[in-house]
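Shared between the two complexes below is chain A, which pairs with chain B and chain C, respectively.
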Partner chain A sequence: MGQKGFFTDTTLCIGCKACEVACKQWNQLPDDGFHFTGMSYDNTGALGSATWRHVAFVERPVPLQGQTTGVGDFSWLMMSDVCKHCQHAGCLEACPTGAIIRTEFDTVYVQPDVCNGCGYCVVACPFGVISRREDDGRAWKCTLCYDRLGEGMTPACAKACPTESIVFGDLDELHARAENRIRALHERGVTDAYLYGKDAENQPGTGGLNAFFLLLDKPEVYGLPPDPVVPTKKAGRTWGAVALGALGMAAVALGSVLLGREARP
Partner chain B sequence: MPGLGISFGRGGATTFQQDLRNADCIVIQGSNMAECHPVGFQWVMEAKERGATLIHVDPRFTRTSAMADLHVPIRAGSDIAFLGGLIHYVLEHERYFKDYVLHYTNAANIIREGFQDTEDLDGFFSGYQSEEGKYDIATWQYEGVGGTVPAGGHKELYAEPGAGKGGDESGSARFEANKDSTLQHPRCVFQLLKRHFRRYTPAIVAKVCGVPEAQFLKVAEALCANSGRERTSAFCYAVGWTQHTVGVQYIRTASILQLLLGNIGRPGGGIMALRGHASIQGSTDVPTLYNLLPGYMPMPHAKQGLDLDQYLEDHEASTGWWSNLPKYAVSLLKAWFGDAATKENHFLFGHLPRLTGNHSHMQTVADMADGRVKGYFVMGENPAVGSSHGSLQRKGLRELDWLVVRDFTLIETAEFWRRAPEIQRGDVKTEDIRTEVFFFPAAAHTEKEGTFTNTQRLLQWRDKAVEPPGDARSELHFIYHLGRRLKALYAGSKARKDQPLQDVTWDYPTRGRAAEPSAEAVLQEINGYTVADRKLVSGFSDLKDDGSTASGCWIYSGCYANGVNQTARRKPGREQTWVAPEWGWAWPANRRMLYNRASADPEGRPWSERKKYVWWDAEKRRWTGEDVPDFIADRPPDYRPGKDARGVDALGGTDPFIMQVDGKAWLFAPSGMMDGPLPTHYEPPESPVENALYGQQCNPARLEWRRRDVPLHRAWADPRYPFVFTTYRVTEHHTAGGMSRWLSWLSELQPEQFCEVSPELAAERGLTNGGWATVRTARGDLECRVLVTERLRPLKLNGTWVHQIGLPYHWGVTGRIRASGANDLLPLVADPNVEIQESKAFTGDIVAGRHATGERSATSAVAPALPAGTPEARRDSLRVSEHAHDTQQEKLEQER
Partner chain C sequence: MSPPVIGNEPTFLDKLQRKRDGRNVDPALGVLSGEGAQQRVKDPEDPHPERRPMPTLPSQLATERETAPSYYGLPAVKEPVWIWSVPTYLYVGGAAGAASLLGFMADVAGGPELERLGRRGRWVGTVGDVLSSGLLIHDLGRPSRFLNMLRVFRPTSPMSIGSWVLATSGGLNTLGLLLGQRRGWPGVVGRCATAGAGVLGMPLAGYTAVLLCNSAIPVWQATHRTLPLFFMSSATAAAGSLLSLLPHGPAEARVLRPYRLAGKVAELVMGVAVERDAARVPEVARPLHEGFSGTLWKTSRVCSAAGLVLDVLPGRARWKQVAADVLTTAGALAARFAIFHAGKASARNPQATFQGQRQGLGAAEVAGNTVASDGKPLKFPLPVLR
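Presenting the complex of A and B:
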């Protein structure tokens, strides 16, 4: 089966939202309501239980390398965001029922028939990707079109993307493609281009992302965390701190007992 | 598409989208390609990845601009000044492709002595008829040629006297015209062109368009550096260019520029006309237009009488491809009237309907509003939202006896009698409307079979995936069974007026429980067949003028060659050449790039190895290359026609534009254009500024409906309406919304009517991002959300700042998401060549908050008077009569 993933190249994204619609259609997801946000052309806001692909629009008062525009120091960045299918997936590690599994494609999948809606995964995701649906309480997120992959089909979003901004494939091939792309962009003078979450070296906190990105500005600009860390990564330290705390409390308790005895007349 | 048709001979994009990848520079102007044609935009992105320079000239910074190397903000409605500036630059700095211009265009032709330019007449060409508001084109003709030179590519204009009507003089142009191949004669086209655009300097561009000189020069330099033997540049445009009172001339300006740079008929060059939606190209090829027969043949005019011979004589060109007109006209009549059409009865030419004047959409709506129209069919259209001046559209609907709407859902046009701003407001009461409305549910494209003809003339067959639900049916089903029932109703009639209905062939095989007619049978009829044995012909060269062949649309002939549905071919791109000739089928004759003979030099050799496409194979004595050559396959480059050559024989070996009578592309249009042989900058009927170039403010030949229910603002600088508005689409919705506003997945992406304003205007008018605003014109008002964005900037014009406001038009009063309709704000004015609406540049006002009154000029007066002391401003100079723009209908009434 091999490791599968997405390489999302934001320099090629034209913000058409075909990925968002194709995802909703294939997965038969409900709408998020009809609200004008005033946030550029983004009216669905964020990834959530009913939005598994989300296109962010960033109007920034910074010129784009290689671009000249008469509107002044300005550029418009677009990025199609998705579940990252982390190597160390916070949701999977936090799931107490075993509903969230790693598939034969090395993707992270929520089994809806097992999920009991406890919501532990929601707080465990460093990207805020997974969330619970109000109607049935269960947790939902991108399946990386598990049902399509089984049939040898490309995920709906990548299939619908007209400009190859979203590329689906074997992880090692995607890595090579991304490296080549970075090289080409740098040669062309777009030195701001870099990869986000390509592998463990690139992003130790998650062990690398199966769905990784090519960005032109700081992750925060796109609404991505600059240094995401899966909660379990800190488990050792956390338990250590808990142990230290317990030890301290025990010492205090013991001490107060002993000292108290001494103080008694 | 006369802009391209008059210049090159055919009313279609000169190239195909896949070829854009070969361009060294792409200029997108009058189009937001990334948003409105995202799938085709992949080839623009590919060109960019290959190192091409991508330029976007647009009032707004859009998703297309976000991908461009260079974005140039421009004032809406000023593109001719910008493109004219580029022409001036190319001529001034001698950057034109000399060999191309000399051999393949009419640059050397000398124009008659009486010709006067807009430079001489302050915005008019010679021949302006001040009472009519029209031109007499006698002085625009080639010197030495008697009568008019017929235009190849815009046959609907033949109905207009003097606008390309061939008559018996046709065709002599090629041999008799005086030429000066040194291009020095003061009246040769080249020199006239130079003179016409001499004042279109970078300084004027800055003054008129608001584009600083440095930005303009960047575009000019990029274009020139990427044109010539070794390099090519392409233009892409869409309705941002067409929907103007000078829309056709916008495209003419680009055509002239591309010809001067030698970019037509060559890989990576061309003008890519991006059509508004699915199969719009198809609906001009097999037209839904009132003034054309299939395949761009002119609709006969009542003045012409019933004689086929007269019609053919009037419209047939004696040289060039249109010399074949009789074959195509007779084959069409045979397809329509079958055995009943014989040589003796002139193939029943008399049965065809006749034009009596302007029957365009806008004129029809005006007539409807005046109670002159009884019934109306609306299919695949939502005029109450999509067309100019929605409230007049609905007023028209209210005056009908009956209305038939076919759509997926109850769109605004079907619901005008109970859900419209004027009904909500109480100006109109439902019980007072007498129109009987019939609504028929329509099948979606997945629920019926047939072809689409896309933006690059490509016919693609689509199969039916599922049965339509309930009573929903295809258009084919509806029209076929309506026709069948009408024929049955009139079968016994002895009245002469019913004979056409009795004689028309109407016998397509049907299948299934719903008796769905076979779309393949219709396509076969369009392809054409020999009458005797019903054998499908292989192309239009098989068609005859003796009644032995039939074809429903000659340009589509060959789409069913060899009995194979060529349009259903789906060989993947990776299994064939990049031109992909085995995917679908393109008219004419499966040529993907038109005029591709011009990709070779006069001797037939490629201009350069890098831009090789079609060339002369001297050994095989044939044209060959990547594509089907758009030329007579075995005509050598050195062939020169004799003086008495006629028809296609009169085309020389260096005449790549085979539809034209003289085989050359037209820099200067001696005929075919209603508003001048050369494009001229005129202001839109509502503008923030006075015309900086001429005393004549607006296109003197424009169509303007002067009605009390369609008030116009002051011609320029109206203090009540100080801002420039432009309407457009966003990716998330489809045109008038019938296909998108009912879908949750699309509605959530752009849920509310909004406008786009600059931070400067927001500050000036107290508008807040995400808040509410009311926009207003003399026609009506509209509440919308505000998107404050740096993507819109005020432009400095001649020392004054001009604010532009963007207004998408998708929303209406029905569906999941609603607004009262942006097109309700538009005036009723049009281009004289194609009667298209002006929706891309008009003026209006904006205030913060929700203050819409819902008033509409079609039902109540809304406009405040001009402030005291502000005089009216003239759209036309004093040369123009007050009656020049009276509507055609009124003139007709007067004639009666």
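Presenting the complex of A and C:
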């Protein structure tokens, strides 16, 4: 089966939202409201329970490297955001029911028939991806088209992307492809380009993302955290504090009982 | 002044749409079998949080919260979906755990005089455990599936650990109540159960803090070393005050007084520690100082301090004691709600996530990396692009 993932090259994205539409249609997701947000061409807003692909539109008051425009200092950044299918997935490690599993394709999958809607995964995801739909009561997110992968098909979004900004494939092939692309871009003078979340070296907090990105500006600009960490990585210290507290609680309780007996008139 | 919210009033289009779920699949012509087809839609509504029109250009460079780079000021992590029952549980579960522990200690070391205190602790523990389960189930999106909590044991999930601790502690406490007074082997079983519940009372009071800290919510994660101690000392103070409010004799009062006071002092000290822990990055500590959560937090600190002062003041008037215990209880309860709402506010503020991580509160805290995911050294303010 191998490790499957997405490589999203934001330099190729033209903001057509074909991925958003393809995702909604294939997965038969309900709508997420028809609203005018005023945020450039982004009327989707954010990833959510019914929004598993989200194209971000950034209008920058700076030109792209090596590009001259007739309109002054301006450039577009567009990025199709998705669940990152983290190597160390916060949602998976937090789920108390075992509803979230790692599949044979090394992707992270929520089993809707098991989830009881405790909402813990929602706060555990360092990227703010998974969310609970209130009138459904369960948590939902991108499945990396688990049903399509099982049939040997490409996920709907990657299939629909007209510019190959979203590439689906085996992780090692994607890594090679991304490295080549970065090299080519750097040669062309776009030295701002970098890979976000390619591996554990790049992102120790998550151990790397199966859906990683090629970005041109700070992660913050796209709404991505600059140094994300799976909360579980800090759990050791937290449980240590609990152990200390337990000692204290026991000492106080025992001490008070003994004191109370001593003080007997 | 925040800009007006747009896009939340249902438009005519919304109302038309509301009749359907937006899937636009005619059941006569198509099958609903996609991965998301089971997603239930009762009342199609905008599932996104309220949106404000472009408060900032994403790429602008500045350090202030309003203008620092972010994606239109939208949150970087999702806000907790939990409701009032969770912070209430944080209080009830804590008090129940601490009461079980005190009851157990009174049984082991207290002698016949403190037998009543032991029983009272068990009662409070049992009732608290049952109440806690109810509060937690109430918060589930699918309450009927609450038993799925005990479907697996996942050591990486504090909620899984906590569910097991709560279920076991509730069971043992009940067993202890039923069998504790019996003679012969049922009595032995009952006393063992009491001991088990007493020991589990400690993690029960503390794991709730791990539950919050083990999340991506900046203010919760940033306080992961101090919040457990705060919750546990607050649980001690709360249990002491609760037991003092219930009728008790002079022998029990002699135990409850030092117990209560130690808890109250520790709670105040740890409250300051929590604030200092969060204050490592001002943007992270923000919800503890301002807004609804800030007011709650200040109120809780004042109540707790007043509860302690009133308690140590000389005089044996009953009203004074009652007032002190009520103040402490109010302080403990308000503190849980304050921490809970601070988490919500913190999640809404993308700068808490971004600046916290840029200043070393992200993976760098445990992994020791010195560069962020964009390959730039961790530092803030960010280097200027132009």
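FYI, the second predicted complex is superposed on the first by the 240 of 265 C-alpha atoms of A that agree within 3 Å, B and C clash if a C-alpha of one lies under 4 Å from a C-alpha of the other, contacts with A are read in each partner's own complex, and residues count from 1 in each chain.
One rule holds for everything that comes next: contacts are C-beta pairs under 8 Å (C-beta built on N, C-alpha and C of every residue); 3 or more make two chains touch, one makes a residue touch a chain.
Not measured: the values here are computed from a predicted model.
J.: Should the pairing of chain B and chain C on chain A count as a clash or a fit in the superposition?
T.: fit
J.: Could you look at A:Val190 and tell me whether it touches chain B, chain C, both or neither (first, second, both, neither)?
T.: A:Val190: touches no partner chain.
J.: With the two complexes superposed on chain A, say which partner A:Gly15 touches: chain B (first), chain C (second), both, or neither.
T.: Touch partner of A:Gly15: chain B, not chain C.
J.: Name the contact category of A:Asp227: first (chain B only), second (chain C only), both, or neither.
T.: So A:Asp227 only meets chain C here.
J.: So, does A:Phe36 touch the first partner chain B, the second partner chain C, both, or neither?
T.: Once the two structures are laid over each other on A, A:Phe36 reaches both partners.
J.: Tell me which partner touches more residues of chain A in the superposed arrangement, chain B or chain C.
T.: C
J.: Touch test for A:Ile101: chain B only (first), chain C only (second), both, or neither?
T.: It touches nothing on chain B or chain C.
J.: Now for A:Trp76: first (chain B), second (chain C), both, or neither, which partner does it touch?
T.: Touch status of A:Trp76: first partner only.
J.: Is A:Thr68 touching anything from chain B or chain C once the two structures are fitted on A? First, second, both or neither.
T.: A:Thr68 sits against chain B, while chain C stays out of touch.
J.: With both complexes superposed on chain A, which partner does A:Arg138 reach: first (chain B), second (chain C), both or neither?
T.: In the superposed model, A:Arg138 contacts chain C only, not chain B.
J.: Taking CA centres, what is the chain B/chain A/chain C angle in steps of 10 degrees?
T.: Given the fit on chain A C-alpha atoms, the answer is 140 degrees.
J.: After the superposition, what is the least C-alpha distance between chain B and chain C in whole angstrom?
T.: 5 Å.
J.: If you lay the two complexes on top of each other, which residues of chain A touch chain B in one and chain C in the other?
T.: Touching chain B in the first complex and chain C in the second, residues 30-38, 59, 61, 77 of chain A appear in both lists.
J.: For chain A, which residues count as touching chain C in their complex?
T.: That would be residues 26-39, 42, 45-46, 48-52, 56, 58-62, 77, 90, 93-99, 112, 114-120, 122-140, 143, 145-147, 194, 196-197, 202-206, 215, 217-229, 231-235, 237-239, 241-242, 244-246, 248-250, 252-261, 263-264 of chain A.
J.: Which residues of chain A touch chain B once you look at their complex with the stated criterion?
T.: 12, 14-18, 20-21, 24-25, 30-38, 40-41, 43-44, 59, 61, 66-72, 74-78, 162-164
J.: Looking at the complex, which residues from chain B come into contact with chain A?
T.: Against chain A, the touching part of chain B is residues 34-35, 38-39, 41-42, 45, 61, 63-73, 211-212, 215, 218, 730-732, 744-752, 754, 769-771, 785-793, 816-817.
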